[in-house]
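Have a look at these structures, which come just after this line.
Look at the two complexes coming up: chain A is in both, with chain B in one and chain C in the other.
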Partner chain A sequence: MSVLALPDKALRTAVRELPENALAANRQAALARFLERGFPTTRLEDWKYTDLTSIADISQRWLESGAPTATAASVSGRVEEIRAVVGIDWIVIGNGAIVDGTHIAGSEGLSIATFSELKHAPGYEHPLADLNAALLPDGLHIHVHAHSHHDRPLGLLFVDGADSQPGVTQTRVFIELDEGSQAQFVEYHASIGEADHYANSVVELSLAKGASADYVRIQARDGGHTQTHRTAISLQASSTIRYSGFDLGGRLVRNDLDIDIGGKEATVLVGGLYIAGDGQHIDNHVRIDHRVGPARSEQEFRGILGGRCRCVWNGKAIVQPGADGTDAEQSNHNLLLSERAEIDAKPELEIYADEVKCSHGTTVGQIDDAALFYLRSRGLDKQDAMRALTRAFGASIVSHSPIAAVADHLTEIVERRLTALTEDSDA
Partner chain B sequence: MLEIKDLKASTGDTPILNGVSLSVKAGEVHAIMGPNGSGKSTLAQVIAGHDDYAVTGGSVEYKGRDLLELEPEERARDGIFLGFQYPVEIPGVNNAYLLKAALNAKRKHHGLDEIDAFEFLKLAKEKMVLLGMDPKFLNRGVNEGFSGGEKKRNEILQMAMLEPDLAILDETDSGLDIDALKAVAHGINSLRSPDRAIVLVTHYQRLLDYVEPDVVHVLSAGRILRSGDKSLALELEEKGYDWVKEAANA
Partner chain C sequence: MSTETENIESLVNRRYEHGFVTDIDSDSLPPGLDEGVVRAISARKNEPEFMLEWRLRAYRLWLEMREPNWAHVHYPPIDFNKISYFSAPKSDKDRPKSLDEVDPKLLETYDKLGIPLHERARLAGVAVDAVFDSVSVATTFKEKLSEAGVIFCSFSEAVENHPELVQKYLGTVVPQRDNFYAALNSAVFSDGSFVYVPKGVRCPMELSTYFRINAANTGQFERTLIVADEGSYVSYLEGCTAPMRDENQLHAAVVELVAFEGAEIKYSTVQNWYPGDENGKGGIYNFVTKRGDCRGANSKISWTQVETGSAITWKYPSCILRGDNSVGEFYSVAVANNFQQADTGTKMIHIGRNTRSTIVSKGISAGRAQNAYRGLVRVMPQARDARNHTQCDSLLIGKDCGAHTFPYMEIRNPSARIEHEATTSKISADQLFYCRQRGISEEDAVNMIVNGFCKEVFKELPMEFAVEAQALLNVSLEGAVG
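Our next item is the complex of A and B:
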């Protein structure tokens, strides 16, 4: 059926050669499912704007070259750079291997272990999660104990890359927040190196009754690299997730954020900012399933697009039968700095309950010429004025990002990205 | 300071200025009056460098240089300030940021260091007191949600901070109540100096009760029909603009 398959034999060999641990049987099951379905193709509605051909190609070349694993050491420079500017506790996952940070496991109210230690079998409900489970060396399990409160954010730093051969990495994290617990997480994806790279990751968060999590995801991959990323969040009664995602880099990036509301009075606040320049494709798919009401979800995504690039936003809220008292809002606003930038924005609401409040809004605009002239007439040069206006456009997402410890760094890398974008732009 | 000779400008295919000549010297306050659609705002925008208007003839010299070849930001740094008739709201760009960036752009142009944060705040607050503005406006988005009067005061605040050599105030008096008008006039008068020129573009004579002009010009259909001293403004108020047009045609 699928046109985007990977060669069977090479893939089987790659799976067989992974470190022998408790995940082995699960890998085989996931492999069988992936081999059946392959990568999602643009014939599927959810994937029609995002063509994974180049990712299949990198994966194939990686398999053909013997599925090499670049060492974690090869990315240590980038790891140190990030550590130096964001002073939180980091768990480092370098080229797919959990290399550092599990010592934090000693902290009170927090347990960190690998999937293999816990014999935790990662689920697979999607072709990319199957591929991930099939090729996963090991996963990371973070357990936040009941009623424990953690003010210091825990960082998950994924850094990939190599200079010579194409690379593919699979990473997976499961975060379990027990009843009444509170924690903060920063998930940071970066990459280096000239060779093509494909990173496929899955993060699952499970929030028990009354749990609360603040979460910031930063994707600052190098220009040539690709990723597919799935985040699945499930919420029980009176739990709260505040989530902000920032996509600043990467050539082909697809993020799926799946949120399942399974308890009353749950609150979901999602913010997203994507900044894309020449040659980039950034796709954010968000699906919020209100199975139970009353509950509230709010998502606001903003995009700043320059050069020849394409971004996709698909926000979907589903209100299941009986989920009365649901309040779901979604919005997506885009600023196009170039005539060659393209945004495909698709808000969707599926409502099967009666007593609900749902809204969505989407806008696409350009730099306001009157504002640009106003700033220039005060002495700001055109680049500075453009940057001020683009910065202002993304400001609400940056300033509402829920974790103070990364705020300065975020502001700085967003600024750097905007500088590059407005310098390239002839808008 | 400003020498405009036979200036012609149009927007799209529509000519708006049809040969304006005007000479403004340092220390002078000029008022340009005229009916709606006479080209007053266009003249102000052309001097500031708005690219919606194409200059199709004539010349503008500022401090002895060809003004028309400069970018809007270069004009601003070299001392030209346009007070907008309709100041733009820019949500997300903080008022303090704009004031500081504008001030530093000018300082850099004159080979000076950036202003120190403490100095900046002190200066801004001092000017705000002068204009009867609440210092909390500093932390709001530029003109965001400001009332008409607040926007105009904010223009004068920017002018007071930037201390331009040539200020062109486009209908700064329109939409102001009497208190705001007095505050704005006070702000303008406090900038009057022998080194500075001010051009007031206005529809009504009202502002001129508070800021006394040295020269008054009447602009109509893109030409200056008549110039005179401040008594011309009073005469216009009394007789209306048609009187000047008729006199010019006669």
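Our next item is the complex of A and C:
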């Protein structure tokens, strides 16, 4: 039995007590799978650098306290804060329950429904997706109709938090873009509350032929909270995804971005920025599977690390046999600001076809003394100079973020985070 | 010099034309592994008590370990009880009488290599410690070396004549519990080479050992230990050939290098164990642990390898950069053709201040082969101003092969400067067309381009190895184009 298993009985009870709906049978099947495997441990290659012991511990304490639905009085406050600064249509999922946003359902070319209404059984093949499917009250299904174009971004706001007892929440969203459709999405993860919290979410995107999606994921959880998040994107012929992920908060954060290229001439552009300070552990695993070619994928991740923290980046591009004409590029650059920061980077290529162009580059370094001196000689104090240089380092990701409506907010929160980080590292 | 040459010639000519089964009466232990076998190996080699204890401890550790399965290779499970763990030729006199016993296909291959061993040896004044099966049968140039104070002998001799050195250094770089195959090797290793270069001595010649696997079903468990004391220098060459055989054979060697302050060790390998035939039948499983420890300040360890053989290779020559200002280097060409699988690379562990490492890896895949680079660069918190540059390029020849890269970077010091770049490409039609148009055959053109691709590594090899390596590469890629 895995050391990171959860108590059988309590888990079964928690599943049984979920609202009775069309997902019930699926929950049982997923539960059986999770009980068999438990949480992944560091003995597994993909989890080598990320230890889920603390997450298993929160889950266990949550089960012991009767698996209450997490509630934090201040959740709505946090929702209002975000609404006030990013003026787009938000669907709010508070502690795993869809609380607001159904008004958007009426928009032309767009349908929004719950999994239970559609009898949509969420898939599960990864241990954390199993756990998610087993404990999921309900999921959100977004359907973008064929050839409809949506210029106004749709926001998905995941807000979690518990005030007294430890909380665990499961969130799941399925987005289906039909042929030739275009849409923009902003996925925002926030949390609040004093108690320990673990959020486990899965977002799936399916892009049909010629569909195109712009997607920005912002993770700004509270310092003490944990998250595992899985995004699975599948692309058909001539479809395009432009994806940017920003990780600024959270104590232990693991993101899996799994992209499956199943159609010719598909384009994948992925950007990512992680900024970690004292006590944070941020892990980004990206896997791009080129099943057919020609197709193009590009990913660029940048990390800024200060204080006592650890970041993990694993970028993997797979070129399957016969996927000729694949063009896959990955790059990862890291800036270490502190003596106690650690970066574990692993850019992987697995190539089984020969008509390909693949490359990757990774660098780890610190702020260039010469650049710092240059700025100081022009009258900037050390802190301002440091901030200017770190800001410049992250700027290529921030400025390439594909959705204009969140650009200002992103710039502001990245700036705020960097200020805190450079102040800390200066001390 | 002439007597030396004769020595080598006679030694080499007696029986060394790669790739035949020398039909001599091997004094083998029956297949299977238990404490009795470990004791029997130790007893047969008249080892002192400490060696037996060391082997037994390794064996007990091994029993609790699990076979690793993380490498990007696939093979049927190995039955460790079907392997015979000891095999020694009964007498030096039993030599093959003629080349008729040799598989003509392999002979042809080695003809194409075009470099007779004796010539290779003569070129550099190489001392040869030929490991025949598992027992060292000949060592030359001993006098010249002993004048300089260099100890170069088989591992068994070292245990007998220099037990204090063996006891002091054995297992200090690759401990028994290091990994599954290292533990197995520690328990049953039969022989290998031992080198000790005293303080301030520059070893007067390149040291060289040729291994070969003989006797069916005998795993080859070699152990090499090289100690370079303060301010010394040694260059060690290792070349491997193996006979044609249909059953897969296991080779689990361990190489330990220790470099003290200001010392330098250069370790070069040309590995062309039998890779199996065009259909992927047979071939050697080469699961090797090689590690160097730059123990003193300003020391340097350099690994250069040309890997063309073996059905499966699983090998990561590594450097522990403990001393301040120490330097680690890894230059590798790995070729995989037909059904070969290679998972090879290096580890650079930066511990001391101002340590530097360079990794240049060139992987070539052809046929249905799978070739993976797996490397680790770790910078510990105390390793101020560490520097690493890694370049890892793959060349694909054909539609059915694979090239993979798994680099790990674990950086815990902000002053580190780490760069990693990798590219994957194929030989372009333009390049080929250009050569063909100038009258160069397609095969020659491919060889030329591949040699150019590997130049950075070949230039690091000692001269005679470089020549052989190029020829070997051409032979290995035969049939890859067409």
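Methods note: the second predicted complex is superposed on the first by the 421 of 427 C-alpha atoms of A that agree within 3 Å, B and C clash if a C-alpha of one lies under 4 Å from a C-alpha of the other, contacts with A are read in each partner's own complex, and residues count from 1 in each chain.
Definition applied: a contact is a pair of C-beta atoms (placed from the backbone, for glycine too) under 8 Å apart; a residue touches a chain by one contact, two chains touch by 3 or more.
Keep in mind that this is a model prediction, so the values were computed, not measured.
After the superposition on A, what does A:334 contact: first (chain B), second (chain C), both or neither?
A:334 contacts chain C only, not chain B.
Mind working out whether A:10 is in touch with chain B, chain C, both or neither, as first, second, both or neither?
Touch status of A:10: no partner.
Touching A:365 in the superposition: chain B (first), chain C (second), both, neither?
It touches chain C, and chain B stays clear.
Of the partners chain B and chain C, which touch A:347 in the superposed model: first, second, both, neither?
In the superposition, A:347 contacts chain C only.
Using the touch criterion from the header, give the chain among chain B and chain C with more contacted residues in chain A.
C
Given the touch rule stated above, what does A:382 touch, chain B (first), chain C (second), both, or neither?
Only chain B is touched by A:382; chain C is not.
Quick check for you: in the superposed arrangement, does A:146 touch first (chain B), second (chain C), both or neither?
After superposing on A, A:146 lies clear of both chain B and chain C.
Touch test for A:29: chain B only (first), chain C only (second), both, or neither?
After superposition on chain A, A:29 lies in contact with neither partner.
Touching chain B in one complex and chain C in the other: list those residues of chain A.
None.
For the complex, which residues does chain B have touching chain A?
Within the complex, chain B touches chain A at residues 48-51, 71-73, 75-77, 82, 84, 87-88, 90-93, 97-98, 101-102, 105-106, 109, 141-142, 158, 162.
Along chain A, where are the residues that touch chain C in the complex?
Answer in residue numbers: 45, 321-322, 334, 336-366.
Help me check something: in the complex, which residues belonging to chain C touch chain A?
70, 72, 381, 394, 396-426
Can you name the residues of chain A that touch chain B in the complex?
Against chain B, the touching part of chain A is residues 368, 370-371, 373-382, 384-385, 388-389, 391-393, 395-396.
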